[in-house]
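First chain written, first letter: the chains are A, B, C, D and E, and each begins at residue 1.
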Amino acid sequence: MVHIEDIKKEAKRLLKEKKIKYLIGYKRGTNGLTALPTFIKEPEDTDELIWEASCIQNLSRYLVEEKKEQLKNKAENTLPVGIIAKACDTRSIAVLLQEKFLERKDIYIIGVSCEYGGVIDQKKIKKKFRGKKPEKVIFDKTNNLLIGTKFGNIKVPAEEILAERCIECKSTFPLLCDDVFGENVKRKISEHFNSIKEIEELPAESRWEFWHGHLEKCIRCFACRSVCPMCFCTECVVDPIELAVTNESTAREKAEKVKWIERSTTATDNIIFQLVRTLHLAGRCIDCGECERVCPVDIPIRLLNKKMEKTALEKFGYESGFDINMPSLISNFKDEDPQDFIR
Amino acid sequence: MEQYEPRIIAFLCKWCSSAGSDLAGVSRMKYPPNIIPITVMCSGSVSPLYVLSAFRNGADGVLISGCHPGDCHYIKGNFYARRKILLLTELLNYIGMDEKRFKMSWVSAAEGAKFTELAKDFVEEIRFLGPQNKLIRGN
Amino acid sequence: MEVVIQRDSFPQLLEKLNRYNIWLPRKNGDYWEFKLSRGKESLDKKYTNTKLSPKKFVLPQTETLFQITEGENGKFNIDEKQKKDSLDIVFGIRPCDGVALSHLDKVFLNSFKDPYYSKKRDNTVFIGLACETPPFENCSCTTMGESPFSTKGLDILLKDIGDRYIVEYITDKGKKLFSGFPNLFGKITTKDKESLEKIKKESNKKIKKRVEDLSETTKKLDIMFDSDLWFHESQSCINCGICTYLCPSCHCFDINDEQLSKKPLNVKRVRTWDNCQFPIFTMHSSGHNPRPDKQSRYRRRIYHKFSYFYKTEGEHLCTGCGRCSNYCPAGINIFETLQKVAEYE
Amino acid sequence: MKRIGFFICHCGINIAGIVDIKKVVDEMKGYPGVVYSRDYVYMCSDPGQSLITDAIKEEKLDKVVISCCSPTLHESTFRNAVKSAGLNQFHCEIANIREQCSWVHTNRERATDKAIKLSKSAVERVRGNDSLEPIGFPVTKKALVVGGGITGIQASLDLANSGYKVILVEKDPSIGGHMIQLSETFPTLDCSQCILTPKMVEVSKHPNIDLLTYSEIEEVSGYIGNFKVKVKKKPTYVDPDKCNMCDECTKVCPVLVPNEFDLSLTGRRAIYIPSPQAIPATYTLDINSCPGFVPIACGKCADVCEVNAIDFDMKPEILEFEVGSIIAATGYELYDKKEMTSFGYGKYPDVIDSLQFERLCSASGPTGGKILRPSDHKEPKEIVFIQCAGSRDPELHCAYCSKICCMYTAKHAMLYKHNVHDGQAYIFYIDIRSGGKGYEEFVQRTIEEDNTLYLRGKVSKVYEERGKLKVWGVDTLIGKTIEINADMVVLAMATRPSAGAAELAKKLKVSLDKDGFFAEAHPKLKPVESITSGLFFAGSALSPKDIPECVAQASGAAAKSITILSQDKLYHSPTVAKVNTRLCTGCNMCVDVCPYEALSLEDNKAKVNEILCEGCGTCYATCLRAAIEIKNHTPLQVHNIINASLGG
Amino acid sequence: MNENPYFPNLALITSIRDEVGGDRAIKTFQTRFVNGNNFTFKSGQCAMLSVFGKGEAMISISNSPFTKDFLQFSILKSGRVTSALHNMENGSIIGVRGPYGNSFPMEKWKGRNLIFIGGGIGLAPLWSVLKTALVNKKDYGDLMLIYGARTSKDIVFKDELYDLRSEMTVHLSIDKDESGWNEFVGFVPENVKSKVSWPQNSIAIICGPPIMIKFVISTLAELGFEDEQIYTTVENKMKCGIGKCGRCSIGEHYVCTEGPVYSWAELKKLPQEY
């Protein structure tokens, strides 16, 4: 059982003893059962920290932001940045370490185990508890959980309220932690790749309709990319919103940037953008589900990444976010890699 | 009305497959001109972006061909290609692109005949599928 | 001038208009958006507000300005793409979004009149639907000095009083539209007026007023430019485009050439939405960026909405629709920022 | 300012026969950047080339595209032409419209359309090309030769005598290879040892040759001109400088094991000298057959050694060298006996292989040059030679012809007859292959003067009956089965690549052919070169060869090496990887995939070692940020080429 | 002219002159509208040039409004569009729309001494106003140009600068010394310090890299110039040129309409977002 007071105490200590520069954690959101990212510098502010099923965001994105700032200002990192991380979040940190974007010494990881639970899916909550204003979620050791509302506790099966990724979660226990709260429990609600099964079984044309239908809605706000801790490229190969241009960049370098897709939001270019992103996340995505959560037009982006995750596991026996010392999926091969698709 | 002629891009590695297609020429084998070869240094240098870009610019089919495993002029480039291409194949298939439109093959410098067969078959397959209109620019 | 139409006769109204493109709010998965009408149907009672604002009708995310083609010996032919002459009728515009349209008018119809915008504006009838209850928690039109019954920017405003709508004609365009079939519309009774008043009061009450006097509050911005508030407010921002792309008033855009063929040269000059929160937005080709960080970009957004636009156009470039705050991935809430401004000493 | 010139070659009718040249010329005239477009019947001819160079000068062209045959044929021709006109060679690109177009297509219209697309693609490629100069790097003026047989010896001597330092590595205690085991050599019948030993001595005395016997290649890294080699020198436990060859040690050594040099026809001690002519002339203690000395179990040899040459504490040494080129001459070995049971090989002592027979004929051999049966040391009165034992038998054994067997078998029969005047030799053969100076005449001598009986046909089996070896076979000429009661049977065993070849190939990162021999870069034009520049092969490591061929190849490989070693600087293609440090995030993926260790991380940015980089581009396709690309193969070029290829 | 403010009027490149070579090359282009009628503009204004297929770039007009038969632009090779322009030849067709922005208040300056201070490509915008001032020389007091470049090779308008000496004082400078250079060596602000003595009744017009402008202004302030006496031009990324797309905005100003010319007094009031 995770007690927020313990986390607060630890956070306070770290800030008091100047062990960390600041702490990235969760605070109570303004409407309903929601949490917001918070950045705590002062020990006394640690009281606003919360830990509950609404702490859905993957805060490691803010480690990336911090690092980018450092690189821009060529500033040396003095103290590590503290972060409160769920199991999946620590896996994304693992990939960032594997790809040497972050250095272990620059982060202080306060891992929190999801134990029997996980985080809730705001959309599911809104649907199921319209108007009921759920206040808290209590996980018992079963696959049912209790939603505390002003009308008392309501018992619902986990899959009706948990985020898809939590239902399929591989391991609810964080890794690489400096501190860890909660215990390591084995729990399985559904198969790892349950969510894509349905689509995989559709005939090709229906699959196309499904994805075309979704991706033509894309407005290229790039929230999926901006929220993704793995999307730390300064300049995206397709339709960048930030350019790695300095006064050393030559005119030619700037003039000859390849335009793989155009700015106009055509279905084709939207699709290509997402395909490239998916491929670039193959073997790197750790399924924190943020891309899908933030998408304003509800594109099930996660299901694209999930397919790559499945392929990586089934074809190459590769799982991302568990080993920070091995080469990445596409920078490695085995002699016995499948090649039956090759003529 | 005239017959539909597929447009196919073939990324051939310089040392094996391109040489193989040269051999097909030297031996005066015949295959349809729908295949436009683009010689690359190594199959391992073909980025998925190339493939998508080919489709986007109107290719009805894309072929990537490299040296047989173990024969790569660059020792292991084709092994990396094999991984990347499998991922791309799976993904294209997943979103409902006809998987037949995207092929990978091993063709050695000695396999002019194989290249010819491959080319013939591929063109026919694509001809059967008809024009690719899913990833066309502007749609 | 006001008339009433029975809720039941609404489908007939649509049928009479069917030679035009009629857009109605319809549910797409979890959210509402404007879809072409399938003919006989009525406004969904459960309708809250669309997720994407109606600005797309006058400022589409992607629109071709010109088609430039190369002719014989290096001559160029430039074709101004403005195919829009059919009439579009959009039902269910919420008053806040109507207000936004009036903002856009100020930008695109004043100096350097924008032909693309104005053409679309002329060929679209915006029929508002007053909010008898505020659709979202974050609804804050009253804060912006507007109300759930504002008529700004609209051609017609429908007010739902249960079994019937009160139809308020705002522009002649609107009036002309329905003039063809008077028998669908009835006179407005005092009873109607009373129930309307009641609903109005109710609705207004339900909407949070974030700050007492907005104009007073935003005066503070003149002295707050260097405040560290902007750093803290923007710290969780992730530089995405949601706030501005969903905003009905935001109108920044980009112009790019898209080459269709090399020989003969065939080019589309395309206008697309752009976003002041993207780092690339203001970056010079030298790499120098006048607004290099989140805080300056977020500050820009707030100032543009509540200070600069107010100074030049006398209005706040925010309608209180709440989209930005509803859908911000980091949960940044523009109204809370305003409250912090109000509290600023 | 890009002014591109376009040239298209008719190649007689090879191209013009299918492709509508005029149409291509006109189409290309209008293509962006192309300011000059014309055709010629043979572009590669002198007038054709000067056509290009003149146009470059008169039309102020800064880039040219030539649509013609495959770049493998004339790219260098045209690039040199362009260079002579003052342009950088990379401002010339070839569109292959012969091998990849006119020769493989029949429809004129569509072939023309394809030719146009290919030509436009080449324009897009050249448009993006930069002027690049070849990358120079220094050469270590030293060669490594692997294998101390006649081939290795000859190569080493040629190199050494041209003034280059050579390291000669031999796995056995002595150099000389198989040739030193031979008796006489066809067709001249001069004594093998007599002609080889002088060369062996020369090697051991040569100031430029560093001889490492009883040694094996541990590891090879680096690249042409700058290979790094690790050699493991196995301990002989005998100090050659102290050893005075008194031979006392072998007298006291209690162990007796088969003698490799005599192919087990005799035995040797655990401490031994391979042969009287061994170079280096010293003893070796074979640790595997020695009763063992930790703790010392025997030590007799050490006790009797007056000069204390025996040192039980000798350890294997790892020696490291830098060399500029490598010649692998690992030679051959005979086909494994176990495969040849049908001929009773290994079962009957008097069924022997050709090398054993060589030893029997050899003056220094176990019988002092007398041909006696191993079983009872009687003279065989009837002897059967079976050719193609294991060769030319794709079903069961080796598909290829071992090439030397016909000749040495003829020699064997002749030597036999000279030795046993009243004896009769039979030879079973499939064909007699006697191509070579004086070879056919030699065979005829064997038949006529030494009336050897040649039987065309295969032997089905050999078995023993009443002290005789019964050889069952068919004479395919008369179509009868024959049965010969022989006293001795000699199998002309197939020659196989030597055991170490496969392992060495791995260390050298080169591939073997389907039979396990080293694969040459080109069977005709590059017979002693490998695909790895700076690495050469010679002798029977490539395929079965007789001595003159091996020697020729040895000299060939030596000459090839010298073309490298004689340079002060070597140059390699400048189309190498280039990093955009502004985009690179230092994720290390390119470093992981680089096959040449050409990439490394330097303060969190990828860095290219241009000398190591071969420009394969795998790093580009791996990099998620397109922060690395190959010069003159940039993504922009490919992007535009794709467009042009699709007629965009 | 087309009333569509986005319409790129076809213009013919009538002359191209190389000013500076190398990677940061500068060329001067003269253009004439295909359909003849030129637009009238004021010194300091800009025009939006398009290379079809590449896009548009806002470039300041560097000839004086009195030379009516062409428009002149001096362009630094910097990005997609400018590189494409540098690849063009005489007779190539481009698109030109404008003129955009405010202009130098030359009326207000009458009777004043004008000191033009430029660095690198910054001479281009100055050139127009300078030439105009020369035409009405009698309206103004002394005219002086202080211009600096990195090296002598980076100096633009070399020949004109030479001729200019007959009409007004010209002080040149380069950053580092070169053999054969007999004028000032050092940065522009230093040169200003050494050459400018009389703030009274003078107007200083500065154009150049931001960093230079910054230091020149402080130098002038030391010399006693009032903020109102100092004018400069602001460059910001632009797309529409007509005060809508939002890129170039500084505070409530859109540089493309209210700018690019500002007096230091005005500019000071705006946020430092340029």
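Please note the rule applied: contacts are C-beta pairs under 8 Å (C-beta built on N, C-alpha and C of every residue); 3 or more make two chains touch, one makes a residue touch a chain.
What you see is a predicted model, and the numbers here were worked out from it, not measured in a lab.
Visitor: Taking mean CA positions as centres, which chain lies farthest from chain E?
Guide: Comparing chain centres, D lies farthest from chain E.
Visitor: Taking each chain's centre as the average of its Cα atoms, which chain lies closest to the overall Cα centroid?
Guide: Most central by this criterion: B.
Visitor: Per the centroid of Cα atoms for each chain, what is the distance between chain B and chain D, given in Å?
Guide: Taking the average C-alpha coordinate of chain B and of chain D, the gap between them is 33 Å.
Visitor: Can you compute the centre-to-centre distance for chain A and chain B, using the mean CA position of each chain? Integer Å is fine.
Guide: 36
Visitor: Centre to centre, by mean C-alpha position, how many angstrom separate chain A and chain E?
Guide: Centres of chain A and chain E (C-alpha means) sit 49 Å apart.
Visitor: Measure off the straight-line distance from the CA centroid of chain C to the CA centroid of chain E, and report it in whole Å.
Guide: It comes to 39 Å between the two C-alpha centres.
Visitor: Can you tell me which residues of chain E touch two or more of the remaining chains?
Guide: Each of 78-79, 82 in chain E touches at least two other chains.
Visitor: Residues of chain D that contact two or more other chains, please.
Guide: Residues 593, 622, 635, 639, 643, 648 of chain D touch two or more partner chains.
Visitor: For chain A, jot down the residues that touch at least 2 other chains.
Guide: In chain A, residues 237, 245-246, 249, 254, 257, 260, 262, 266, 330-332 touch at least two other chains, as defined above.
Visitor: Going by the contact rule set out above, which residues of chain C touch chain E in the complex?
Guide: Touch list, chain C to chain E: 65-66, 68, 70, 74-76, 78, 80, 107-108, 111-115, 225, 251-257, 259, 265, 267, 269, 274, 276, 281-286, 288, 290-291, 296, 300, 303-304, 307-309, 311-312.
Visitor: What residues on chain A touch chain D, complex-wise?
Guide: Contacts found on chain A: 99-101, 232-235, 237, 244-246, 248-249, 253, 256-258, 260, 280, 327-328, 330-332.
Visitor: Taking the touch rule as given, give the residues of chain B at its contact with chain A in the complex, in rising order.
Guide: By the definition above, chain B touches chain A via 48-49, 52-53, 56, 69, 76, 79-80, 82-99, 103-106, 118, 134-139.
Visitor: Going by the contact rule at the top, pick out the chain E residues touching chain C in the complex.
Guide: 3-8, 10, 50, 52-56, 78-79, 82, 91-93, 95, 210, 235-237, 239-240, 242-247, 249-252, 257, 271, 273-274
Visitor: Show which residues of chain A lie in contact with chain B when the two form their complex.
Guide: These residues of chain A touch chain B: 196, 199-200, 204-212, 237-238, 260-262, 266-269, 271-272, 275-276, 278-279, 282, 304, 307-308, 311-312, 315-316, 329-333, 335, 337-339, 341-343.
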